[in-house]
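Shown below is the structure under consideration.
We just call them A, B, C and D in the order they show up, numbering each chain from 1.
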Amino acid sequence: MKAAIQVVLCKCCTEMPALLDMAMLEKIASETPMVMSVKTVDAICDGKNLSEIIREVKEREIDRAVVLACQKKDISPALFKAYTRAGINEFMIELVDIRDQVVLPHQDDRAQAQAKAEAKLEAALARVVMLAPLVRSVEEMKTRNVVIVGAGFAGMAAAQAAAKTGAHTILLESSGKTVKAPGVILTHSKVLGAKGYGGNFQLSIKAGEKVEELGAAAVVIASGGGWTKLKGPLAKACKEAVPLYELYLSIKSGNQIKGPVIVVDTPDPAGKTLRVQDYAWDESLETVIDLKRRSPETLIYVVFQEMRAFGLSELAYKDAAELGVKFIRYDKAGAPRIDPNLPGVLTVKDFSQGEKLSIKFGTLAFASIPANPDNMTIADALRIPMTAEGGIRRGSVQRGPVSTPRPGVYVCGSAMFPKPREVAQAEGQAAGAMAGEYVMKGSIEFGGSVAQVTAEKCSACLTCVRTCPYEAPFIGTASKAEIKTQLCQGCGMCVGICPSKAIELHHYTDDQIAEETRVLLGGDL
Amino acid sequence: MTAAKSLVDRGTRVVLVERTESLGGMARELTCKGLVECRNCGVCFAIDRASDVLKDPMAEVMLLSEVSSVQGDGNGHAVKIKVSPRYVTDDCIGCGKCVEVCPVDGKAIHPPKGGGQPRIHWIDKSKCLHFKRAKCDKCASVCPTKAVDYEDRARNVTRNVGAIIYATGIDPIDACETSRLGCGTYPDVISSVDAERILNQNGRLLRPSDGRAPKKIAVVQCVGSRSVKVGVEYCSKFCCKYATKISQLLIDLDPEVNLDFYFMDLRTLYEPQDEFKSWAKGKKTVKLIRSMPAVVSKGKDGKLLLRSSGDVDSEIAELEYDLIVLSVGMRPSGAASNIAKVLAIGQDKFGFASTNRDLEGKGVFVCGAVAGPMDIEETAVRAIAIAARVEDAKEAKQ
Amino acid sequence: MIVAKRKPVNEIAEMLAPFKKVTVIGCRSCVAICLAGGEKEVKMLVSTLKVKNKKEGRRQEFQGFVVERQCEREWIKEVEEKVLDSEVTLSMACSLGAQTIGDMYPEHLTFPGLNTGIFGVPEEQGVWSEKCVGCGNCIIHTTGGICPISRCAKSMLNGPCGGSADRKCEVNLEVECAWAAIYDRLKIQNRLDLIEKVMPAKDWSTGHSGGRRVYTREDAKLTPHQKKGREVVQ
Amino acid sequence: MAEHMPRIVCFCCEKHGIDAAVLAARSGKQYDASVRIVTVPCSGRVDGIHLLQALDDGADAVFVVGCLEKNCYYDTGSIEGRKRVNYVKSMLSEAGIEKERVEMFNTASTNAWAFPEAVSKMVEVVRRLGPIGKGGEQQ
């Protein structure tokens, strides 16, 4: 194995020397075979030392480097750029976070800190020799399309936000309702399936009667809740019942609402198929107040298990009461019921008064809505996780509040779980904006530290295929596993679980990890 | 902060003016609520954003600073900013040696609050002896990186900006304002914010009085908020959320702990509340009590007595606790009003800022919990949305 | 496929205790797929044994590797030296693999590292269930494609036994009664009439009870001439 | 015999794990210097082999630090990580080796206390159990 290593020791201004014997570290480094140059600099984070480092690289024909400094995040990209310009691959630079792993946490144990620092240096030297250059490939996005599934409040907001970034938006609306939004709008349409990955999706969509292929760089899921498919005994007993959302819309569009109006927090008071949703409250209150203002004579009842008006909407509760809206609290025992033999009458036991009430109603609305059944198809198509309630699941918080675990796929509004209009809208804007930016980057980068299968070793046991959260592995034509590099995020889960050790993760191969560990534990170089 | 982040991501220059010594707002002092499983409190998101912004060359962060005046119109604002001295340079590695040696009681040199970023200490001039007769320089002398700089001076800077985002956030209501429940009288009655701070610092909740681990804890909801008395009639929205999560964390940390959870209505913010209820059902050591406790009095051997009307329409009960956590509400940040005036931002009777289209047209945006109580997640979402709007405004002008 | 399970480490360690030089051989076939004897498992076992030895201050030398299919001589031949170079070989394959090596090198000790269990189906990641006992005379076309011999504790052929209650087996209440399953399946296929049919007592001679079974394909066998005079040891 | 100087390896995930360790350091938290961190992209990358080899290479204890479950950057990585650790634990106890020597911890990037706490737990374990084998023979 031939290598020309450069070792750079950063003093982090004064911190390192304050605790560590830099001379000793330099000695260890310079006495290691294949180390061509050892440089100690005041602070690698300011550019001024760069030039000399790079000069050395050129003079001594360095091909890889060990840098003892701080956390990668904190080291200026300038260093890596400089190295790359000097012809050293970014994956050939081994960073050692001496500052955060040795200097800071072991201030009062000089001897131990020194020992640890030396071990870390040696481990890095052992590792750097085993590193291999890796290339990141770039793929142009074929379209600037942001496909938004669902033209509800969230969807529209998303479309506007995305369009503003310059992306080309395509709204898919499952119903026939006409909406105003930038870009193309397809009614009676939904996503059936998808091929590809963030940046270059190939969606197959149903638009009206025909099925079409549609290229998309990013997808925003704003499919909303299952407005149309109400579950639960009350819904069964009263076919005319509507979701609160629809009641709201028809009020807004000035329709006459047949009184008396009852708003029940859930069509399934037993909570078997559907739990009462907290969001119900903001909605109910806003709606009933609106209605009461328009037609004060309409009798309105709000039947609920638990008063859950958040934040300022709590005050709306008061307003509603003052406007004469009747609030009836029930518990599971006295849950509201509708006798099929006398439809149009709801019986419920008032929890606080203890009396049994039967209320005639002209309109019945439910505040809680089940998750959208379409979510299943969408999730399957785009390979994203779902919640137990059947909503679309958001990814790690670190990826952002409207991102799914999959790059290029965003989710907003009630598609996750029912949300008030306002919040849904804000999320829509956020998701739209993020999708837009993603698309306007114009290309995706992939590869680098990703997994790769050694076909000879693979038993095609499917373990990787089942384990990968991104569904990057698949069984290829040679009936051996292969990894779709564009999908691989480089987490290495498949590598860790492969029973035949047929998969390796570049830059974190078993040998590299094992060797690093061995040397860290005092094994000799 | 999130707004700033997503703006710089779009390549917009951002000036971030923060009144306190570090970024992170409320979230700094909050603790992660997870032990093995994430409970989605969003705190890590907030803190990560803070460090992102600090690292970003496009963002200029001014700490210990306040906007003194703003002039301008739709085409831009000249913002005067007063930056107070920190007396500690960026060389600080946050080792805390200086704090140890500081002779002032209550210390004059402090680390940044909780998880605040950057991890640089700061000196409170009003307390520091160096600026009094006794030219104390203990901190300077122990500092391994010579980061203490008594010569640091206040600066007035002016920045010309295209848009202003007003995100001054919220402050916790001082639990003691409701003189009830012995807050202030008994050391072991603490506010939820104190609880979070303690948890955040050492990962476990100990009794302030004797530093022992409490075995029986009461968590009381809606203290301060939903109370006309304090002038906070509204519900602060996320107290239930974090209180339930803290309770879960406390049990995770020590399954032996007995925890009683007092509440009026349980409003665990857009998460099926049954989750918490069923969780509590599953735990023998957790009790949910629908009641608003009335009085706290001193019990024997350092315990506290909490009197409440038990569960709904049952008789008065008086129970013993080692520690009582008052889950306090929030109100718009104190610093809000004066800047708001300068920017002509409307406010409701609670001091929550409101904005409107033509104000946004002028390049003034309101963002975050200062516009109304909301949790970290919602704040983040709205921030990204606002950032997008700011961008449009910018493009609209060009 | 054949599903096996690793023997408890201490049991393995006990077997190997007297020996100084050990070869551990895995198999890249069935046992790799059922996560029992692939390269990963071999490596993990070897490391564990090393750590155990370290703890107990015992000195032993290990070498571990895998072959494509341990039940076939050709693959073993390739690693012959390594095998014979040790005092004992621990086979991390089904007992077929262990016996193949045993047959090839009678004087060399070969021990089983796995307990060979069942002809199983991977129901989901990490779950394998028995669905065949190799009775040598398949009848599942008459039982809706469900094998009563493997899935019924008593291998009942004409409906459930008296112990079958609420679809559960009396031998193990966790397990569904095979005949309940068969009934449902036939119902879906509208072939319930088959339930009526009485199945004659099964001829078990095709199964293990008939003694060791050897299946041959005359047309596939090599003639002595083809074998070029080299007789393969039987 | 002089008190045994513990040798502990930590496989730390590159996301929340490392961030937590760094935050701890930058909050002035001190922890035992016997801990050596090996960074992996995700706790799901950790293979039982790594843990066991580390023990074989002379570590007295090994632990893995990953993101909080349900908030793993790679969605399910830390759940996988825990499974691996548990499997190794079972193998060790089968072999009659204290399974406490291998542990899994989850943390968020903002838990300044989590990493030092994990370390002290492991150090405590090693102090209690001592090295693997008499005097932890060096090879």
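By our rule, contacts are C-beta pairs under 8 Å (C-beta built on N, C-alpha and C of every residue); 3 or more make two chains touch, one makes a residue touch a chain.
If you're wondering where the values come from, they're calculated on a predicted model, not measured in any experiment.
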Chain with minimal offset from the mean of all protein Cα atoms: A
Maximum centroid distance from subunit D, chain identifier (CA atoms): C
Between the pairs A-C and C-D, the one where more C-beta pairs touch: C-D
Gap in Å, rounded to a whole number, between the CA centres of subunit C and subunit B: 61
Chain centre separation (subunit A, subunit C; CA means) in Å: 43
Between subunit D and subunit C, distance of the C-alpha-averaged centres to the nearest whole Å: 36
Intercentroid distance (Cα basis), subunit D paired with subunit A, Å: 28
Subunit A: positions in contact with at least two other chains: 104, 107, 397-398, 467
Sites on subunit B at which at least two other chains make contact: 38, 40, 44, 48, 93-95
Interface hub residues of subunit D, defined as touching at least two other chains: 16, 26, 28, 47, 49, 53, 67, 71, 109
Contacting chain pairs - touch in the sense defined above: A-B, A-C, A-D, B-D, C-D
Residues of subunit A that touch subunit D when the two form their complex: 71, 97, 99-102, 104-109, 112-113, 115-116, 119-120, 123, 385, 395-399, 405, 449, 467, 469, 489-493, 495-497, 505, 508, 510, 513-514, 516-518, 520-523
Residue ranges of subunit B in contact with subunit A within the complex: 6, 9-10, 38, 40, 42, 44-45, 48, 51, 55, 91, 93-95, 97, 144-146, 226, 233-237, 265-274, 352, 372-374, 377-378, 380-382, 384-385, 387-389, 391-392, 395
Subunit D residues within the subunit A interface of the complex: 7, 9, 15-16, 18, 21-22, 24-26, 28-31, 33-34, 36-38, 40-42, 44-47, 49-50, 53-54, 57-59, 67, 71-77, 80, 84, 109, 116, 138
Residue ranges of subunit C in contact with subunit D within the complex: 8-10, 13, 40, 43-45, 47-52, 54-57
Subunit B-facing residues of subunit D, complex: 16, 19, 23, 26-28, 67-71, 106-114, 117
